[in-house]
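Got some structures for you, see below.
In what comes next, chain A is part of two complexes: it sits with chain B in the first one and with chain C in the second one.
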Partner chain A sequence: MHREQFENALFRAGYLAILVFMLLPLAVVVVTSFAESGNLAFPPESYSLVHYRAFFEQTRWLSAFDNSLLVGVGTTIVATTLGVTAAFGHEIDDGRAGQVLAPLVLVPLLIPPIILGISMRVYFVRAGLEASYLSIVLAHTLWATPLVYFVMRSVFSRFDWQLLDAAKDLGAGPIRSFVYAVLPNVKHGIFVGALLAFIISLQEFVMALFLSSRSTETIPVVAWTQIRQSLDPMVSVVSTFLIVISLIAIVIATIATNLDWLSKQLS
Partner chain B sequence: MSGTHSSSALPAPIARLWESLRERSRSKRALLLMAPLLVFELLLFVAPFLILLRISLTDGSQDLRYAPGTWSISGYGEVFTTDVLLNAITYSIKLGLLATAITVVIATFYAYAIWRSEGLVKSALLFSVILPLLTTLVIKTYAFMPLLSPNGTLNDVLLSLNLISEPIQFVPGTVGVVVGQVYIVLPYAVLAIYSVLATMDWGIVEAARDLGASRPRSVLEVVVPQAMPGIIVATVISFAWSVGAYAAPGLLGDGQNKARAFALVVEEQLLTNLQWEVATAYAVVMLLLMVVSIVLLTATLNYFGGEFEYA
Partner chain C sequence: MSEITLSGLEKRYGDTLAVEDVSVTIDDGELLCLLGPSGSGKSTTLRMLAGLETPTDGEIHIGDEDVTDRPAYERTTATVFQDWALFPHKTVLENVAFGLKMQGTGKDERRERAKEMLERVRMGEYADDDPMNLSGGQKQRVALARALAVNPDVLLLDEPLSNLDKRLSEDMQIELREIHEELEETFVHVTHDQDEAFTLADRIGIMADGSLVQVGEPNEVYENPKNRFIEAFLGDTNFVAGEVERTTAESVHVETELGREVVLPRTGDADDADALTEGESVALSLRPEVLSIEPADAATSDGESDRTQPVRTDGDTTNAVVGTVENVLYRGSTIRYSVAVEDTSVFVERTVADSGAFDAGDEIRISWDGADVLAFRDDGSRVDL
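Moving on to the complex of A and B:
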């Protein structure tokens, strides 16, 4: 009995320690963003909003915000369109094309972003798309599409296909039957997929670093360049915004589906 | 499915023809729907890699980044004879192995804890994995600087507890790189293992315990073998990303000669030295080494995964 209690306590202490390890770094970032001094220290000696005020006066950060938003929305549109149509096609017919597609879509996720970044940079320089928004959107799409695709395959596999057949038997064309019979049943899945695509693009950094210029740089890229010059709580402010955006996305996705399902999709 | 009503009234050969036409139009439509993504992958993944491979086989050039149209293996020759490049490969593979080993052990334990927990605790644990997963690499590495630097939080705590007499330099240094990299890949590893565990029946573990297995033994001999597919995915992801790690070594490493990661050296070759044939050859070599290591790692895990069941 004693042994069991001891084991239980040890087990609980173990996972609580990991829980702290997972959340502490993010808490550090949020807390230091409210520091009053210009030095990065945790915990800070005194708190204020000076760095938030300063943030809204810096044009480089603000334009990076616009760039991130533009790239994020672009990636979301392209990745969601490609992912949803391909997953739908794959569910209709699991032929040879589908067998090639599934691993092909997955492989980019397993290749270190540094190598993808290099191959893309070399490619886009040759294609004359160096440092354009389009090159970053396409690179992010390569990473975001697999998630949309696998989320949608899981959603479509639970969809009752007789509904689609019924719509067609009642005389609806392919587009009408998709919009009225399929869409209402899978819209939550599409929404979560699109949300994940946006977050991935917003947070992606290595490929963006290789593909952006001063005028197209995204938030993580600016944050990276700033940290390498000096440690300054301004980066904590920006990081806090990014963490809050992810937090909101998780809450919305959880409301649309549930946390357990979401975690299985992300693996 | 909907074809059955209309075809049942027709003579058999015509019905068969009708079905096959329907099937064909069905797969044609499916192909049409999959085509955009296939084309996208070919244009943005396969083509860039072929070009990378092609450039790695060109000759060096004095005034251009590489000499188009030439064929040469001088880039590869450079990779295998330059100490800086070889050292970085060794460092990155060591970093990959160390970070992977730590990550997979912690991730298996944490995934098990999530699987066994319920209600609010389960939600909290899942949340603690998903939030860092959806946070940029930059933040994840940056956060360790105030925590692990010589005048950082951890050293303050250790000093005030009199556990150490002078600050330890975790960051910049390899300790910091490993901690940062484990933190980066841990969420992915946990979810890979958790998604396999979630399909598992707790009854098997209970049966093992009823038969007298201690709790650690029942986990090691029943849970771990069952979770092996997830553990293998976690290993592959952790290793691939740690070998190619850029942010953690770049920000938390000390950048000394023998402790520079592959990603930082290849970036320098590409952007500063502008030697594209060397940079691309270097990337190809690293990718091949990575694939070989992953195959070996997976085979080892499969081997031991099988052993556990009979132990």
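Moving on to the complex of A and C:
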């Protein structure tokens, strides 16, 4: 074996070991969800679907799923709209406002979420939005928008802006030129940004804890309150569902972003 | 009518003045080339014509209409961009049909017209191809078809040939010229390539540092440049520094760094106010095509002595210097000699077909007619002789 091949093999083996080591807890979570007993122990003594049945009987978990989905979709729509238009605007007019914008949108990511959570709770109570879905959506948007913005900045930096000029030159107004010339070329980037926003919202816990009530609580909030009472396999069941949802999202993302490529390969 | 008038056009980016006081009238059906080095403001001027940039000051009229504040999508101009800017997610045919789609033309009609335009640029068989798979020359044709498909009053071309290799670019120049003659539409073509401008243009507008320095027919700007910048930009030349020694009614005598007095005939164009005064420093432009060369000692080399001499309008204005060949540069069809004359060096050219090549170290005699020499003042302005 050549030295280079040996080094490559060694690197791959090391990389794989780290990956497995880090992903192992996920396997533990999935396995414990199938435990029969009420205690969270690994490995379980016996296996059953008893906790899955219990999950579908508990309305609190089911409504938390609905809440998380609702807040996630809301955050995705608002953050993607704001992030895409901000990055687009920055690209079109690189003036003084744009130079201030980039560091400014980063600020929410730098403030500890607990501070944001408390201050927003105070603020939303004043605004009469206490414990509403909207308050959680807005809080998550504060985090998700910068991420969408930076994804789109990078996407737009690779976009050939002459295409926008060409569309305008051929008679397309501001909206049609965006729809016909820009959108088809950046849609994958927008999709990735939107997915990122959804995942941020799905897993955010601290702000949701401060801003939700019993009727609007999201999955991480319910998981937290449950674990505080008792460490039972129900948490593993919920986690397993979250893992499956994330995997499905990734598969969808992969298919969606490569669909054009795929169709070209097949034709 | 699609006569274009630019008056006092100006474009500023912050403190940078990109285009300054450009005024010109482009006749209906004319092909005007805006020629200038990069950064001279020619592309910015074109983009203002297209409506893709808003002028800071000045007005643009197309036909009888003031279009200064009209956005690109409401103008009857169409542009061929430097990198062609074909929509990568559309087929060649969809690209060409795009403008018609925006105009609201029905699907069948626009497809038919797009096909027609593609046939015209000999790209008909590529209608269903992905434009990204085309070669540079093919993309260029598609971009041209796309711009022509909307039947614009004015076609704007922003260095569309600069990304093509020399041969292809020259073929396209001829094709563009043919299309222009066929359509009789107004074309404004931006380029930094003077050969391209001379081939294509009805008139050339030369831009430098944001200003339109001179507008005229190709031979006019070449033979009668307004200043030293244009003389230097339009082809290679030797600038020789000198000082006016004396002026007479018929001629101006300039003591030059060639170590010899150069005599320039006076044409009588000069006003008394413009006239050169004794002691004034000037730069003389000696283009290689007006310089004749022969061996310094013509008698020693048979057949060279009867070489054609430049046309002499007046025996008094023939000038000659002797120098030593320093360098021989083969440039394909021509050979360029760098010749040391006194403290300076002058380059001369002859075609490969000419007999009797010289080698480094040879003494040669360079002669020219003073009437073919242009003189420029220190500030770059041309001297009327």
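Keep this in mind: the second predicted complex is superposed on the first by the 230 of 267 C-alpha atoms of A that agree within 3 Å, B and C clash if a C-alpha of one lies under 4 Å from a C-alpha of the other, contacts with A are read in each partner's own complex, and residues count from 1 in each chain.
One rule holds in what follows: a residue touches a chain if its C-beta (ideal position, glycine included) is under 8 Å from a C-beta of that chain, and two chains touch if they have at least 3 such contacts.
Being a predicted model, the structure only gives us computed values, none of them experimental.
Asker: Just from the overlay, do chain B and chain C fit on chain A, or is there a clash?
Answerer: clash
Asker: Does chain B (first) or chain C (second) touch A:G98, or do both, or does neither?
Answerer: First partner only, chain B.
Asker: After lining up the shared chain so the two structures overlap, which partner does A:I115 touch, if you call chain B first and chain C second: first, second, both or neither?
Answerer: first
Asker: Classify the contacts of A:V155 with the two partner chains as first (chain B alone), second (chain C alone), both, or neither.
Answerer: Neither: A:V155 stays clear of chain B and chain C.
Asker: Touching A:V107 in the superposition: chain B (first), chain C (second), both, neither?
Answerer: After superposing on A, A:V107 lies in contact with chain B but is clear of chain C.
Asker: Applying the touch criterion given at the start, work out whether A:K168 contacts chain B, chain C, both or neither, answering first, second, both or neither.
Answerer: In the superposed model, A:K168 contacts both chain B and chain C.
Asker: Taking the superposition on A as described, I'd like to know which of chain B and chain C A:L23 touches: first, second, both or neither.
Answerer: Touch partner of A:L23: chain B, not chain C.
Asker: Looking at chain A, does chain C or chain B touch more of its residues?
Answerer: Counting residues of chain A touched by each partner, the higher count goes to B.
Asker: Of the two partner chains, chain B (first) and chain C (second), which one does A:V182 touch, if any: first, second, both, or neither?
Answerer: Neither partner.
Asker: Could you look at A:F88 and tell me whether it touches chain B, chain C, both or neither (first, second, both, neither)?
Answerer: A:F88: touches chain B, not chain C.
Asker: Could you give the residue numbers on chain A that contact chain B in one complex and chain C in the other?
Answerer: On chain A, the overlap between the chain B and chain C contacts is residues 162, 165-166, 168-169, 260.
Asker: Enumerate the contact residues on chain B facing chain A in the complex.
Answerer: Chain B residues touching chain A: 1-2, 5, 26-27, 29-34, 36-38, 40-41, 44-49, 51-52, 55, 106, 109-110, 113, 117, 122-140, 142-147, 151-153, 183, 186-188, 191-192, 194-195, 198, 215-216, 230, 233, 236-237, 240-241, 243-247, 250-251, 262-263, 266-267, 270, 276, 279-280, 283, 286-287, 290.
Asker: Show which residues of chain A lie in contact with chain C when the two form their complex.
Answerer: Within the complex, chain A touches chain C at residues 160, 162-163, 165-173, 176-177, 180-181, 184-185, 260.
Asker: Within their complex, state which residues of chain A touch chain B.
Answerer: Its residues touching chain B are 4, 7, 11, 14-15, 18-19, 21-26, 28-29, 32, 40-43, 81-83, 85-86, 88-90, 92-93, 95, 97-98, 100-101, 104-105, 107-108, 110-115, 118-123, 126, 138-139, 141-142, 145, 149, 161-162, 165-166, 168-169, 174, 199-200, 202-206, 219-220, 223-224, 227-228, 231, 235, 239, 242-243, 246-247, 249-250, 259-260, 262-264, 266-267.
Asker: Of all residues in chain C, which touch chain A in the complex?
Answerer: Going by the criterion above, the answer is residues 50-52, 71-74, 77-79, 81-83, 85-89, 98-99, 102-103, 146-147, 150.
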